[in-house]
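Only one structure is covered here, and it is reproduced in the block below.
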């Protein structure tokens, strides 16, 4: 019903291309997140869907019907802006009621003074008020209806903006970084609220953010954009576990994935700092590759014995960050490069110091070729499983 | 990375010195401000003093502030009765009000278009607006006068107002203000189904009122005191705005009653002073927000 | 006896303060002529502005029915209006009136003030020649006699010098020619010596010789010998009313105002304007004349009625009492009208003693009178400041005036 | 766009058409009231260039601007800086300094004449007391224009103060704090380090509006000195007024107006350049 | 030498007290962080130390010498502002050089034009330039010296602000939320840089933030403030592991600590949702207590068998947030309340659904009394250790 289809959508500002060849199908009721670095065109894309910016070419349809020629308010979409874009001079009530009055009253019935003459207005307004109140109740802002936006906190404004979007019962919710103006605590909280709202409404959500945590936690699917194109489209887990290139890999995950230069050895095995890993690729021997290892996949080797399928690196601790529940460990490794490991708090990590062996699961390594594209390792045959052990230098430890 | 000692020349503040310095600063600041204020106020003091003096005490060999004979009642009642001063004030109010309203009605959409819409010829229009900023009324006066005469519109409120209907200053000021108005709100309004017309008047304008207040002060002050143009187009005394009315007193050829003249001036200046008093806060805030900074 | 249907006259006068006599006169007139309605336009600031307004309105056809033109601008105005046939000659109306009435009311000399190119276009409504005001206390202190003020310029200069000497800080006299908006005061100094501005042909400067030099020399001596301050005329008058100037030369139209401003500070006296050539000496006549610009015959007729009333003795009495002008009606000074007032206010009567010296004040040919005076004034200013010697100043005056008369 | 249309129409009717008429007139020998006229090409402009009266008025205007501009801008800035630091007395001072902006010149001209009266005025009384003696401010040819300029400053200071106050309140407070920690201990240092450079755009705006206002000086001259003494205070617009309305040389006045406009437009162009791309730090 | 001592420091704005009775000793070279909710007076305190705000009472001394009467630039402190407060009209070089020119040149030598006449200036300026360059090199901003701040990125501005502070070689660095204007990624990076700078300079740092992660990761000690008082002063670990009251406990840690209402049973043992825990307190029986359990201390019981010293709660899963490396699980529990658990990513957590038993380590519980103050449990004797087992309902699991 409210399936959104973008076909070969492109946009240029003057001669500058900003978006090109965007093809995207968003299922009815799906929560799709657009993520990407600043300036990659996320806002432009979402504004094109809203009709606020005309596309240069391509087409957009909602529910199977092309909406290219429709004006913004005819598109049955609602948008929540980063700045909330509440009308500063209107009460919360009027802010939420506005889309309805626009829809249901004629121009005459909205004009100052003249509006007082309309009897239809007197009939319609209570209806609108009822609907506004219902929405406000859902969002728990009934007590704020008489206030001006200036007198609301960030989270409350956020909710009013949501209310204004919800009151129209749109087919599609568009949200452009709706949480980025909130402080960290509130952001975490509103994240949950939004996700629950989606579950309740079961409407299509298109959500823009550049915060990967938001993208990961709320979305059914995530589209990672860069320089006006979609790099990867998939579930959060897919993006985290199988990033198709270095950009996606390093954008998603915090602390960011560790990227280490490595080489393909003569037998196709990857050599990292002269240590051979149990990873074989179809690449030419001698090719440069980049290994991506997530911080949580690494830990000081002394903390557990080095097991099958693991490898290790000599590293020296530069800094320990205590997050209470866990530690972020910053290491220097040969390269020179720096590597970050994320380790649960505990007596072992407290003791880490100086030079250590950093152990990691070879199977958790992501391999990228020189162009930064993901390379799947060759499946290991059983005999390979035992060989690498000799290659792993046994850990120095604390 | 060893820390260096402070240079020996740096004299450190002692508790006493800090106080002295504070007091000295206050004395200097207020000293300067009060001196300037005295210069600014001098004419007004003379005006007020004269407005309560009998004619024979206005010019004396030695200057005195307070009259020997208090003549304020006579002067003010003369000022109010000899010429229809209140009528002039009313004319002034009609004139300023009419001009201001049309100026805003014209300038707000134009400023909005210049600030927020893309349309061909926008830059040309803006350059023309800036050109208009430099043209004093004296310049187009004669052609305008002839034009109004041919239309039979001389000697009306309309003819007094028409050259000022377009305030390029208002367009300039409001354009600066609208530029800083968030695009998102305009987008939200479009999504909510508002027409551009409603966006201008229902969304952008209400938030611009400090700038509008600021401009109103400028506009009212200028047109309340304008003499040049009404003098040209008005031949009916009952339409005269305040300064034209003032001429009934200020005329040089015969009995200038200075007491009544200054009384009238005081009465006619008062509305402006009061206007400024009320709009003062918005005034400065408004200018600040218009990016004239 | 309404022989006319209701007629409305649209009247414009300069000098807003003249409302003080225009309004009551119009009221009185309308009482007597219920069929004629007088409406005033907003008065214009002064004669110069009025002149501009009239010229603008010739272009736009917005002329009033009746206007009061300053004598010095009358010629130019009439010529400009004639070009477009927007003025009505008054002569025929006057000629249609009974001769005895005419001679009982008007002296021909006064009527001549309204002639342009030999035809009567303006009916003189008020007239003035420059008047001497003085501060009796200062005069007495300097050994002068307030009832016998000097009537020659040498005498005046001597007295004024004395005044300055005995009262430090006080100016002896003030003769504001260097600042006057028109050449009235300058003309006065030329005419009083029996000379004229232009020769008989009206095309050549006639003050270039002795009379001009004498005038300029007097002016310089006012500054050097009597301590005349070179300030603007408003300031001069203010200084006089503050008792800081001995003698002031001014228009009689300000007599009422100056009397009020002086109050009880000192005794104000007036005396006739000194004339060196008692036989031929004249004085330029300022003031205004009524000019009929109505196009409709009925209105023209009504306008003439109003002009007649305006120049009649009752109206002139009002004008004189309110201003101090010289009445333009012979009967007005008589015992029925102003007589008692003059007896009670001798200062107001002084002006009548110089009625006979009135000579017309006509502009220069070529339509540049205003500009010529501005130029002359700058030169005179220089002479008074001592920047230019009188002879050199005179030469320049003649040269520049001649050049602009083309 | 429809929105700009009313404004554009008015611009056309009120400013552009009259300007075109004016320009056309400037190429003729039209005199007000004349029934016919003919083209004289650029004759009026040539005449203006060699007209000593016009040249004097041009020079007087430049002199006037060169006094009023630094005076009104400098004092406006000084007052604004001093007033800005006040808390309780701020509105008091703002009110006082803004008074001249609201006053009616017709009345004020008379008042100034009396105040500056060499004999009776309080200012001269004061000068006499301190032994300087009487100064004929408005009647001495060398002083008349500067005196008018001082009155011009008096009228403008409050206005500029308000503009500067607006500029000052836009300067972030933490810059002053940073400067204080960095050693800008006294007012002069703070002014030179923060206030002055950051007021740059405001100052530009104030300078341009002030110079346009100063170029347009007319009322004070018309009411107080009528161009005198001896033409010492005759400024451009007054010269235009004399030519156009006193001498009725309409065409010549039109030419002078055009020259005047060209002058003033140079400033507008600077304005377009500087204000719109204003010194964005 | 640069030990900072605050004694009974208080501040009121008018009649409104903002700070009261602040006593704080900061050792030479220490990195002390002030943390607390918005409006608690952190900025006011640091500004009083800088001399930007006079104190109402109390005294401040640096290096044992009272500085109460000194003007800001005489205090030998440097401050980094949240907004950076760079001089927008000056180049980076001039920004950094300014404190030195102010210190070393007289007023005359700084005046425009006149300064050109000074020969001393010509001697001093190259010295200053040398020092500025040295600082710029340390901060790796040599190539930016000619730019204006507007043309710098957030992180670069941040560094310039640091440079301007460092160039004076102050005794104390004061920093008021220096990272809060940066985006999430850069904030993480600059956090490390700041910490390393501190290690290198060994100067006293007083650092204000309301971000608990910053406070935890960088500081030697943290002072948690609230409503103008210091609630707790200690190392990050102390604050995390032994918060002295509910406020501190819930401010520190993300996701926030779970707070559950409980009661003291008749024998002194705490009863949570009618289950008796192996926690005994000295409180009166029947007293209300609040239990604080960190999200990482909880996990769905089915994922491991319930062991000694652990307890569990019946809960039903509301929402799962996938962070890639780990999951945040939101549960509803009786109360009704909601509880958050933080669990490493893995197949087990993927399977969690519906009703589960949430297991947690009883020893990791924080107990707070009705006033919200921390209560230490009585030490358990060995026999107690076995008893609770019977009380723990065995988990339902998936």
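Lettered A, B, C, D and E in written order, each chain numbered from 1.
Throughout what follows, a residue touches a chain if its C-beta (ideal position, glycine included) is under 8 Å from a C-beta of that chain, and two chains touch if they have at least 3 such contacts.
Chain labels with UniProt names: A, E = ABC transporter ATP-binding protein; B = sn-glycerol-3-phosphate transport system permease protein UgpE; D = Sugar ABC transporter permease.
All values derive from a computational prediction rather than experimental measurement.
Identification of common neighbours of chain A and chain D yields B, E.
Traced through touching neighbours, the fewest hops from chain C to chain E number 2.
When every chain is represented by the mean of its C-alpha atoms, the one lying closest to the mean of all protein C-alpha atoms is B.
C-beta contact counts were set side by side for B-D and D-E; B-D has more. Taking each chain's centre as the average of its CA atoms, chain A and chain E sit 27 Å apart.
Inter-chain centre distance (chain C to chain D, centres taken as mean C-alpha positions): 37 Å.
Between chain A and chain C, the centres computed from C-alpha atoms are 92 Å apart. Averaged C-alpha coordinates give centres for chain A and chain B that are 53 Å from one another.
Multi-chain contact residues of chain C (touching two or more other chains): 56, 59, 234, 238-239, 242, 244.
Under the contact definition stated at the top, the residues of chain D that touch 2 or more other chains are 32, 110, 114, 119-120.
Every residue of chain E that touches chain A in the complex is listed here, in rising order: 183-185, 188, 191-192, 195-196, 210-211, 213, 216-218, 236-237, 240-241, 252-256, 294-296, 318-319, 321-326, 328, 330, 342, 344. Across the interface of their complex, chain D is touched by residues 48, 52, 55-56, 58-59, 80, 83-84, 169, 171, 178-179, 181, 229-232, 234-235, 238-239, 242, 244, 367-368, 370-371, 374, 377-378, 381-382, 385 of chain C. Residues of chain A that touch chain B in their complex: 47, 50-52, 71-73, 77-79, 81-89, 98-99, 102-103, 107, 110, 164.
Residues 172, 174-175, 177-186, 188-189, 192-194, 197-198, 200, 279-281 of chain D are the ones that touch chain E when the two sit in their complex.
Those residues of chain B that touch chain C in the shared complex are 54-61, 145-146, 149-150, 154, 231-232, 234-237, 239-240, 244, 247-248, 251-258.
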